[in-house]
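The next block holds one structure in the form of structure tokens; read it before the comments.
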Amino acid sequence: MTPAKPTRVIFFGDSITQAGIQPGGYITRLKDRLAKENKGNDYDVVGAGIGGNKIYDLFLRMDEDVIAKQPDVTFIYIGVNDVWHKSTHGTGTDPDKFIKFYDAVIKKLQAAGSKVILVTPAVIGERADASNQQDGDLNQYTKFVRDLSVKHKLPLVDLRKTFMDYYQKNNPDNKEKGILTTDRVHLNEIGNQLVADEMYKALVAVK
Amino acid sequence: MTPAKPTRVIFFGDSITQAGIQPGGYITRLKDRLAKENKGNDYDVVGAGIGGNKIYDLFLRMDEDVIAKQPDVTFIYIGVNDVWHKSTHGTGTDPDKFIKFYDAVIKKLQAAGSKVILVTPAVIGERADASNQQDGDLNQYTKFVRDLSVKHKLPLVDLRKTFMDYYQKNNPDNKEKGILTTDRVHLNEIGNQLVADEMYKALVAVK
Amino acid sequence: MTPAKPTRVIFFGDSITQAGIQPGGYITRLKDRLAKENKGNDYDVVGAGIGGNKIYDLFLRMDEDVIAKQPDVTFIYIGVNDVWHKSTHGTGTDPDKFIKFYDAVIKKLQAAGSKVILVTPAVIGERADASNQQDGDLNQYTKFVRDLSVKHKLPLVDLRKTFMDYYQKNNPDNKEKGILTTDRVHLNEIGNQLVADEMYKALVAVK
Amino acid sequence: MTPAKPTRVIFFGDSITQAGIQPGGYITRLKDRLAKENKGNDYDVVGAGIGGNKIYDLFLRMDEDVIAKQPDVTFIYIGVNDVWHKSTHGTGTDPDKFIKFYDAVIKKLQAAGSKVILVTPAVIGERADASNQQDGDLNQYTKFVRDLSVKHKLPLVDLRKTFMDYYQKNNPDNKEKGILTTDRVHLNEIGNQLVADEMYKALVAVK
């Protein structure tokens, strides 16, 4: 009897995902956990993150970087740069265009036979009192992702909520970095483990 | 016996204050209320608002537009454009420079013999769920104003708090305008009355 | 004997093209000229401009607004907002993404059987001494369009060059508007006629 | 007989000037040249540059960092960040405010007894064909500095012109960096020497 083909899982995203495949990264930690629980052979986990990517970068490169690899499950983990680059490059993504391209990415993935899991953008700044520069805009784009998960009836890894809940308990000094990130955006060890655990829950819940 | 000289009050600010002296504006409403309560002769209320102004515009024009008029009480009502113009012109105000110029404006007013009352910037967008694009940044600059009022032991009209509290009760549909503003920023009738009432409270409390 | 089917021509663009179909607009003027020269029945000229559009807006709506209408010739007239919205909304288009989406639009039009004519973005500000805020960036995006016309061997209506040449002779006072535009961007009567004439030359040259 | 007190010279600026006092920096090179020509004891040359500074930073810190040191000659070398930070932080300087603060800095220096020399901002990007993103805006702010030198009858070190002339001869491949800068903005060895030589000429011409 031959073993079942492993489920191919792709994490599709930006620099956070690009770093996720490094030692200590969230994808590495997810794989470690799967291995420890003797599920290592059930999943073939791939990182497809490129620094600076916004939703329309994912759209432009999805044929080559994702669909060509025939994923069974794809996590879409994007949104930080769509907001952040408004301030740092003048090239963020318009709200309505974010939704349109996100919608197009979901549909193309589904048409290619992949299950799709959505992930909300976590943070740009870790202050717990809603005073990080992009908090309002990030809340807005998070709502877009939540709405898309409802519209398409897709699982959601709501990292923004997970992070906000974490800060309420673990950021009493209202620091802007150093809690779950090293630099306000990219994950430190605790952040990578937290994300790995949330991704794990969503992954094993896929039928 | 000659009547006492009226207290000269200057509202120093941006387009919201520029509109405040129009019929229905918050300064006009404040004057009406003072008149109705027979305090019309106790106060000489002046508007000094110019559209698009940021804190350093106030600094640059304060000698001519405020100090030359020898105010007894000056309300500093600024901050919306310091945040907003980051997105719309690329010329918002750096956080540390906002504090430095604000501090300089306070000191120059006090040195000229005016009492000073600080006002927090109210809103750019009226959504009640913290998802207006500039909410995080506006919260940050509001904190700067609150901190300056503590540092200089000055009265504070905390419009941002007043508006947020109002929305919790009166914006159940999470509209982005039309509650206290016409266009996400500038005051409608209810907004002008609310601001007039808050300014009134601070003014009559001045000793 | 039945008359030949007229050549369907679509102008695909932003607010400049949206205004082009109004009385006095460049598309209206082009039609008038064709009619005067007894070519009115040879061409079926359609405007497909929407205010605020950038290259990726064209990409997102091209199936419905252009390809569904089966054009024989499509003018792509875009680029001003890709540059301008960096400053006014923080949502301009990255240089490399501008090229990628533009390339994709060309390919989809050609695959749908349309001939394609490229148009460079004319101006944001009419000063003749290279001191309009976006001049450098507009020159950069103009080069991208010129390069794409070379790469795909496509006709080019180089409006930026046409306008610059015009200003050298006709803007001795270095005005920033009122020469070919009403407001630094949108065409006045002379501007609409100039654009109509340039488009005419490219159109009748199509084989 | 006691030697004459040396002429105190302050270079007042941003990161380019901050780096100017390093080995190989333009201020260091200027001092070396003065020493070689036996003028080392005639001048006391001081760098007062801080990274990220815009014109209003100079205004805010000029009492402490410049006037307290009683300069005989002050070079104002600013403007790159006033333009650049529009794109990278959303906190560039409005054109009219740039002029107002620049004017105020000149007047305060003159009132404190310093001669003043103006310097135009050189480059953000070294392409020779006017297609660097900020070329238009930098040309505009350069004109402001030139106009201020005329208005106040002050010597001008027109680095922008010097650099542009240099590129016409020495940047045949239209590179965006590596000619006079390391990174599009900060000076390499050749750039530091070129600036040192231009500053030298202006300094020894002071009466």
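All chains are identified by letter, namely A, B, C and D, in their written order; residue positions are counted from 1 within each chain.
We take it that a contact is a pair of C-beta atoms (placed from the backbone, for glycine too) under 8 Å apart; a residue touches a chain by one contact, two chains touch by 3 or more.
The structure displayed is predicted, hence computed values, not measured ones.
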For this session: Any chance you could name the chains that touch chain A and chain D both?
Result: B, C
Problem set entry | Same or different contact residues where chain D meets its copy chain B, judged by the half mark | same
Seminar exercise, completed: Of B-C and C-D, the pair joined by more C-beta contact pairs is C-D
Exercise. Taking mean CA positions as centres, which chain lies farthest from chain C?
Worked result: B
Exercise. So, what's the distance in Å between the C-alpha centres of chain D and chain C?
Worked result: 41
Problem set entry | Whole-Å separation of chain centres (CA-atom averages), chain B against chain C | 45
Problem set entry | Multi-partner residues of chain D (each touching 2 or more other chains) | 86-87, 89-90
Exercise. Residues of chain A touching chain C in their complex?
Worked result: 56-57, 60, 85-87, 89-94, 97, 100-101, 104
Exercise. Can you list the residues on chain C that touch chain B in the complex?
Worked result: 87-90
Problem set entry | chain B contact footprint on chain A (complex, rising order) | 86-87, 90, 125, 129-140, 143
